[in-house]
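What follows is a set of notes on a single structure, which appears directly below.
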Amino acid sequence: MYYSSETALFGIYLIAITAEAMSGALAAGRRNMDIFGVAVIAFVTALGGGTIRDLILGRFPIGWTQHPEYVYLVISAGLLTTVIASFMHNLKRLFLVLDSMGLVAFSLIGSNVALGMGYPTIVIIMSGMITGICGGILRDVLCNQVPVVFRRELYASVSLAVCGLFLGLHALGVDTDLNTAVSFAAGLTLRLLAIWGGWRLPIFSYQHRWE
Amino acid sequence: MYYSSETALFGIYLIAITAEAMSGALAAGRRNMDIFGVAVIAFVTALGGGTIRDLILGRFPIGWTQHPEYVYLVISAGLLTTVIASFMHNLKRLFLVLDSMGLVAFSLIGSNVALGMGYPTIVIIMSGMITGICGGILRDVLCNQVPVVFRRELYASVSLAVCGLFLGLHALGVDTDLNTAVSFAAGLTLRLLAIWGGWRLPIFSYQHRWE
Amino acid sequence: MYYSSETALFGIYLIAITAEAMSGALAAGRRNMDIFGVAVIAFVTALGGGTIRDLILGRFPIGWTQHPEYVYLVISAGLLTTVIASFMHNLKRLFLVLDSMGLVAFSLIGSNVALGMGYPTIVIIMSGMITGICGGILRDVLCNQVPVVFRRELYASVSLAVCGLFLGLHALGVDTDLNTAVSFAAGLTLRLLAIWGGWRLPIFSYQHRWE
């Protein structure tokens, strides 16, 4: 099983940034942006989470600056989306699965980065979550809306669960390949169940204004 | 008086990040976020200002990544707020005082950090202000509203005044403990007077559209 | 011609950050901010693009922290704008030209910085674009609107064209002074033609909601 989980995770990573770039392009389209705006939002959605993670962890040079191919990939995916958007509607389910795979893969990769830098446990978990969800938050801020990640069915919670499981198994001495595979499968299952069942976290609604 | 101002400031800092986390949680509640969103906004409001300061000053590792207890504290405070929010209404005055103490403490701490790194005067002042107000700006951007700090009664100006006074007394050779105590008291007084009197800066209103 | 392009670019840079600060102040006025908010938005619009570039490239200390005079200049320009705003309406054309010069100068400076740090081609181009347009994006996010740069007539595209031309001539071994002058003139011409002709990129409009 040598190298298998790492290679698999890398493949999933490429699929994930592509899917995220496409989701960014669609959000830009909802705001009637021009194709440059589409490219920026696609880039930010796909690679923004990893950028914020690297900044917070003080990890320079930042990932994508050493991998021009990622930049070309996500911008191409964003621009391609403007052409095939009407067709993508029929792929809604596939798209949700790809997005879920991305969330889980991003979370595992982000945790691994902070783990390798010797950060405390809570920072490792937050690193995974930042990688998993900050791209979507940046997308929503640039599109001038309250981030959906704060209101959607289990999403960030899945990221949290994946990072926690990965760290727990790591602490138990489980082999990293096996750990990655198990955490990935568990996280993806949880996310798909949450979508299927419409599971949500409790909402905190507070309308009293006194400031 | 050895260590006293530093210890006092640290105690006030803990109170301040707790109060800021609670204000973030209430803002999240106004947007009907789920409890994960509440935790994120609480975290960002309380520790976001210091994070931006550390990024701007190139100070790695970033403060809270070395202090997991701060992260647990602010997330707990945010989640606790969802339970006690209805009760907090009766504590409006206490809350405003805590928030004001936080603003002044954040400003002094932020100035001190840049001072210790040898930055120019204007950067030291801006470091204090960034620490004092950027958490609230991030909170408002994530909640999709124009930051209140740009429109509220004297708030950022208090941060500016505190940092200026602290630097002035420092230049005069005043002992740091005494300086901290005096600057803190003066800043808190100014802020409370501004709230009490509804003092505001002049508004710049420009409705002509020509872009 | 020794030093001439560098000196000229520096002069244009000072004009550019002044013009950007004024555009930020006007945007703040449209949101009825107080004069502190005006100063912050002026600062962020003028120096925010360079700040984000330096963060992304891991270039510390960040530019303006070593140049207090820039900070004083942009804040002064922002505050001055509150006084002369009604008069500026008559200067609309001058202002658009200054803004265009700023866009091109920022792009060239940003590319040069990344070039000097040995980053890959795509990162050099993105560094120029980030420097050129991120100040305006931050301004719009803080003023709670969708960034105009994603929807306006050729703007970011001009930045892209300038950076590409500069890199192309650099690769051909053209002298840096000459290269800077040619790229600047070409970029400014393109931008002014785009304003004059109302040239825009194709819009991607996607109103189907299925998330």
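Every chain is named by a letter (A, B and C) in the order it is written, and numbering of its residues begins at 1.
Here is the rule we use: a residue touches a chain if its C-beta (ideal position, glycine included) is under 8 Å from a C-beta of that chain, and two chains touch if they have at least 3 such contacts.
Note that the structure is a prediction, hence the values are computed from the model and not measured.
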Practice problem: State the superposition rotation angle between the two copies subunit A and subunit C, fitting on C-alpha atoms only and giving a multiple of 5 degrees from 0 to 180. | Solution: 120
Exercise. Could you label the subunit B-subunit C interface same or different, taking same to mean over half of its residue numbers are used by both chains?
Key: different
Quiz item: Approximately how many whole Å separate the CA-defined centres of subunit B and subunit C?
Solution: 30
Self-check item: For subunit C, residues contacting two or more additional chains
Solution: 55, 141, 144
Quiz item: Taking the complex as given, what residues does subunit A use to touch subunit C?
Solution: 23, 25-26, 28-38, 40-41, 51, 55, 60-62, 65-66, 68, 71-72, 82, 85-86, 89, 92, 141-144, 148
Quiz item: Where on subunit B does subunit C make contact in their complex?
Solution: 55-58, 119-123, 126, 137, 141, 144-147, 149-151, 156-157, 160, 200-211
